[in-house]
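Below, subunit A partners subunit B and then partners subunit C, in two separate complexes.
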Partner chain A sequence: MMPLQASTPETATRRTPDRIPGAAVGIDRIRKTYGSYVALDDVSLTIRPGEFMSFLGPSGSGKTTTLNVIAGFTGHESGVLKIDGREIDRVPPHRRNIGVVFQHYALFPHMTVAENIAYPLRQRRIGRSERHAMVGAVLEKVELSALAGRYPAELSGGQQQRVALARAMVFAPGLMLLDEPLGALDKKLREALQLEIRRIHRELGSTFVFVTHDQEEALVLSDRIAVFNKGRIEQVASGEELYRAPKTLFVGQFIGESTVLRGPHESRGDETALSVAGARIRIAARRPDAGGRQCLLLRPEDLRLCAPGSTAGGHENVVAARLREKIYLGASVKYEAVLTDGTVATARMPASGPSFEIGAPVDLVWSAGCGTLLDDPGA
Partner chain B sequence: MTRTLGRIALALVCFLIALWLVAPTLVIIPISFSETQSLAFPPTGFSWKWYANIFDNRAWSRSLVTSVEIGLIVAAVATVLGTMAALGLERLKNRLGGTIRLLLLTPVVMPGVVLAVGIYAVYLNLHLTGTWTGYVLAHTLLALPFVVIAVSANLSVFDARLEVAAASLGASRLTVLRTVTVPLIAPGILSGALFAFVTSFDEVIVSLFITSAQLKTLPVQIYASMTRDTDPTVAAIGTLTLVVTTVLIGAGLLFSLSRGRK
Partner chain C sequence: MSEPKVREMTPEARRKVRAFLMTVPALAVLALVLLAPLVIVVARSVTEPQPGLENYRWFFATPVNLTVLARTFKVAFWVTLLCVVVAYPYAFAMSVAGRKLRLLLILCVLVPFWVSGVVRTFAWVILLQDSGLINKTLLAMGFEKIRLIRTQTGVTIGMVQILLPFMIMPLYSVMRGIDLRLLLAARSLGARPVASFFQIYLPLSLPGVFAGATIVFILALGFYITPLLLGGASSTLLSTLIQQQVLSLLNWGHGGAMGVVLLAATFGGLLIAAPLMRRRYPVTGGER
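So, the complex of A and B:
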């Protein structure tokens, strides 16, 4: 059995959760099924000490199940789960010493804010005066000192979630799991709490795992993001890498806006050629190992709109399209254009550039170095 | 004009129904103060002697104490067992759970006499008639469904995710039960306990079968007294019970009201 961290003498005498060493999490080929439904299909992942890792994916992709497996709420059929190198598969949730924040707050309605936060400290047999000091310190950290005597029902949603956060971190766990903690809050509050969570992570030093289906939230908070899809992890990388160099079409389309061009391809030297909507496209990339169909994923800022026939081609790709939508976004304008094969392309250009009208024929132009060549599973 | 008439008619009907429901109970209050040994209404004269008789007459005082004692034991046993059953059934949400729940609730729908005959037959072989154990077992069986129903009703609105949260904060399953689950379903447990006590205190059919000269509950004593002679002590006991239950239920209502306001 694993001892509760805060109950050891060294940590028990610590008054506030100052910087604590973050825990390393190792997930090795974890599998979980519900009948014939595979919730987790051999998921493997390493989370570094002190890292802020987000689990991002659509609902039912396995991100919350993975979190529940780490917390010990859900058992798994096979695979190994390690925290700081120690196997914890058989350790019950109450001995894992992990701080968990739930989307629905899960505050005890019959206890005041202070009693809620003191709860994990009581379980660790921390003395009264010590407890009082620790609760006070953590309440200060989440700026709720004035509400210590209130009951959860008397608090707003944002306040309740800050209490839940305080309760999960008051016992200084090396690992914090946050399951869509901001899902029930409105946009403004969500953004404010995102910054607060970032600050707390920085000050605390423990490892954070944050489940969300909101890619923007994941980008704001995370060091790295694990993108989940259908019970598997598609890619683990920084937000920038996921955007610039997605490894799969799913990741490319899930993160940010994208245009996907499909067509027969052939490799020549260091280049790949793709036939799209009657045009021949050159891509300065080659995937020698790629067998099946390929597609090109372009970001809105890669694409440029020009008047038909105004570009000579040369080193750039040109595809004819018709403008379908034009959305003014302040600093930039977003255009949607339809190719002759029905593909919808999204381009974003500075608002100061040339303007085009809806319904007009345009040329889509981009350099051969842009975009990512990917396997096309949807073919 | 017609609206006022309608309102008056409605008030009158309501009053009559209330009177019809309550009057038979209230009649015993004046009778309990009767001066003569008669259950006639209206009573003649005024005296406290039937109240004094409860405590002077050994048969009355002993049966009253016996009933209260058995009721308290039954309330304790049935509340513990019933709460545990309800907690288990809440987690056993399949066919087996449904069957067990149904079995637990059968004493409510079973005709009392049928049950009493069965219990009597079993008790004769086991020499349980006229014993404390016999009363407590039989009454617990009858009280259990009420506890299960009351606690289950509370559990169905209890947020089980709080138990998961408590576990993540370091509480063992037993601690979770003690510090989170039980405090939050306490209203159900309390009303279950009250129901259990009342069920035992009130029980007459089974008790009549398993009674003995040495160990008699109050309802059995009342029944025996009524069939033998006319003794206004019955009315005095009834009035006493009425006052105690009214105070208990009133206090319970006030308590839940003040909690609800918080």
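So, the complex of A and C:
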């Protein structure tokens, strides 16, 4: 058998109990097509050593394809893939030394939990006693020591997921790829496992790439999030930055809730004016380089509801609307109001504030400094 | 009177009773067409021409019987082995093929299956005979003739072709259930392609191999038409001997004893194979 590139038996054993140096991943203009369908359209991305990076996007956006390219399961037509500076485009998957956790676990049904976890160690010709110790240590880490002799079919979904995680990290890979690993679990278990994955990432030190279509999950786990859409990466940034300063309308709408106001715009000095539903809106931002249509993206907490006519206007924007929905959320109340041009606005206010009834006319109020001015790709 | 009793039963027990009732017609047919003749055969083997085990003593005291019995098992073994070797890659191709190719592959298995075994055997006679297609081709290419008809090789070839569907279908149904992502998982964990096959795919497909092999082996043991038409005197199988005893010599006692010995030997073989077929790991109840 050919030696596996990164962890020979000696290095793997030495590394396991301690922290693993995370691998750096460089993806440079990778392109992948299926016939006329472009799955990846020149995707470029740099993942830092030890980082927790999430790939977020709707299904078919290219996030899983990118993961498969990194793992070596899918070939790409052009572009370069590097791990720790080394080109690995021609390295077969079994020599990439990457831990992969699959969406449906992909545990070997004819092997016990301990045998499943020992599998990568056996491929690396690690001796029986050492293997035993390593399996024991990783089982302890995922709190499954009591189930070592069970078969996968005898475990719950959450337990199977933890075995898959243990199997992917037992050989101390510098890079872990997780493909929607929590997708099949119920909400409560998912949240518990999210925290466990975060803890394991912190303790292990290797780089994690986590594919998900659940933005909340991505926000909980990640250092940075790459937002995928139609085979491209729209933006790579921290969760907070994606929420507060999205670069595209897609990112703004995909992350969190939003209200999008559209209308003819003109720039005046440092400001932009937008005509929306018969009202003139001032935006304390200007995008002189931007041509075409513009829109304003507002977050629910930017907006305030007031009784009609109770605000003078002045330095704040006021738009008339009618309340359509009122949802009590404990600490806050979420309102949905329809503008005269049909736009639906979402506002969130503290539950302790004034209350409004469904069907009532209201004024939507926000300051000119709120919101993000974005290109409108055309509604 | 039975009314209160039924109400006392748990839903589980009631389901079982109902399921059993549904098997009654099938059981009745089996009893009539299988069990009754079998009982008659066993009875005649120990009563004709006079009561006792004389027919069995004759069977084991006649060397040709033992030779033919051994040959029957040998041919069944080779047929089974060849079926596994031919069917395994074919069934694998079926399980991974796209929709259209899969349909074509299934048709290639089923269409010959719909043609009667006798017709197919005559087709093999035409192909295998000394002046047949195979030998003509060999001659035209400058090779010497080989003897295929009336040999064990010829019998084996014909039987493999006719029994192949019984191996491919169980294999295919097991292989379709194997998650191919397991192979990707094995690769990502450091297994070379060959290792991932032998350590993951092969063990998971074994139940299909054993199921198909059992069916083919049992059918091969009792095969009659094909060995009769393709074989010669030196390749007679037990079924042919039984037919001679019963139909030509009208010796029901001898024929019955031979049938019982073949049946007992088959059961013996199954008993040995049964532990191999049992899955050692549970397969259901993944999400609990």
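Observations
Going forward, the second predicted complex is superposed on the first by the 365 of 379 C-alpha atoms of A that agree within 3 Å, B and C clash if a C-alpha of one lies under 4 Å from a C-alpha of the other, contacts with A are read in each partner's own complex, and residues count from 1 in each chain.
Note that in this section contacts are C-beta pairs under 8 Å (C-beta built on N, C-alpha and C of every residue); 3 or more make two chains touch, one makes a residue touch a chain.
Treat the numbers as computed from the prediction; the structure is a model and nothing was measured.
For the composite obtained by overlaying on subunit A, subunit B and subunit C cannot both be accommodated without a clash. When the two complexes are overlaid on their common chain A, residue A:Pro120 makes contact with subunit B and with subunit C alike.
In the superposition on chain A, A:Gln160 makes contact with subunit C only, while subunit B stays out of contact range.
In the superposition on chain A, A:Ala184 makes contact with subunit C only, not with subunit B.
Of the two partner chains, neither subunit B nor subunit C is touched by A:Gly79. Of the two partner chains placed by superposition, subunit B and subunit C are both touched by A:Ala71.
Taking subunit A as the reference, the larger set of touched residues comes from C, when subunit B and subunit C are compared.
Of the two partner chains placed around the shared chain by superposition, neither subunit B nor subunit C is touched by A:Gly136. Looking at the shared chain after the overlay, A:Tyr151 reaches both subunit B and subunit C.
Comparing the two complexes, residues 4, 71-73, 92-100, 102, 104, 106, 108-110, 119-120, 123-124, 151, 167-168, 171 of subunit A contact subunit B in one case and subunit C in the other. Of all residues in subunit A, those touching subunit C in their complex are 1-2, 4, 71-73, 92-100, 102, 104, 106, 108-111, 119-120, 123-124, 151-157, 160, 167-168, 171, 184. Within the complex, the subunit C residues that touch subunit A are 179, 181-182, 184-193, 195-196, 199-200, 203-204, 280-288. Touching subunit B in their complex are the following residues of subunit A: 4, 71-73, 92-100, 102, 104, 106, 108-110, 119-120, 123-124, 151, 167-168, 171. Contacts from subunit B toward subunit A in the complex involve residues 159, 161-162, 164-173, 175, 179-180, 183-184, 262.
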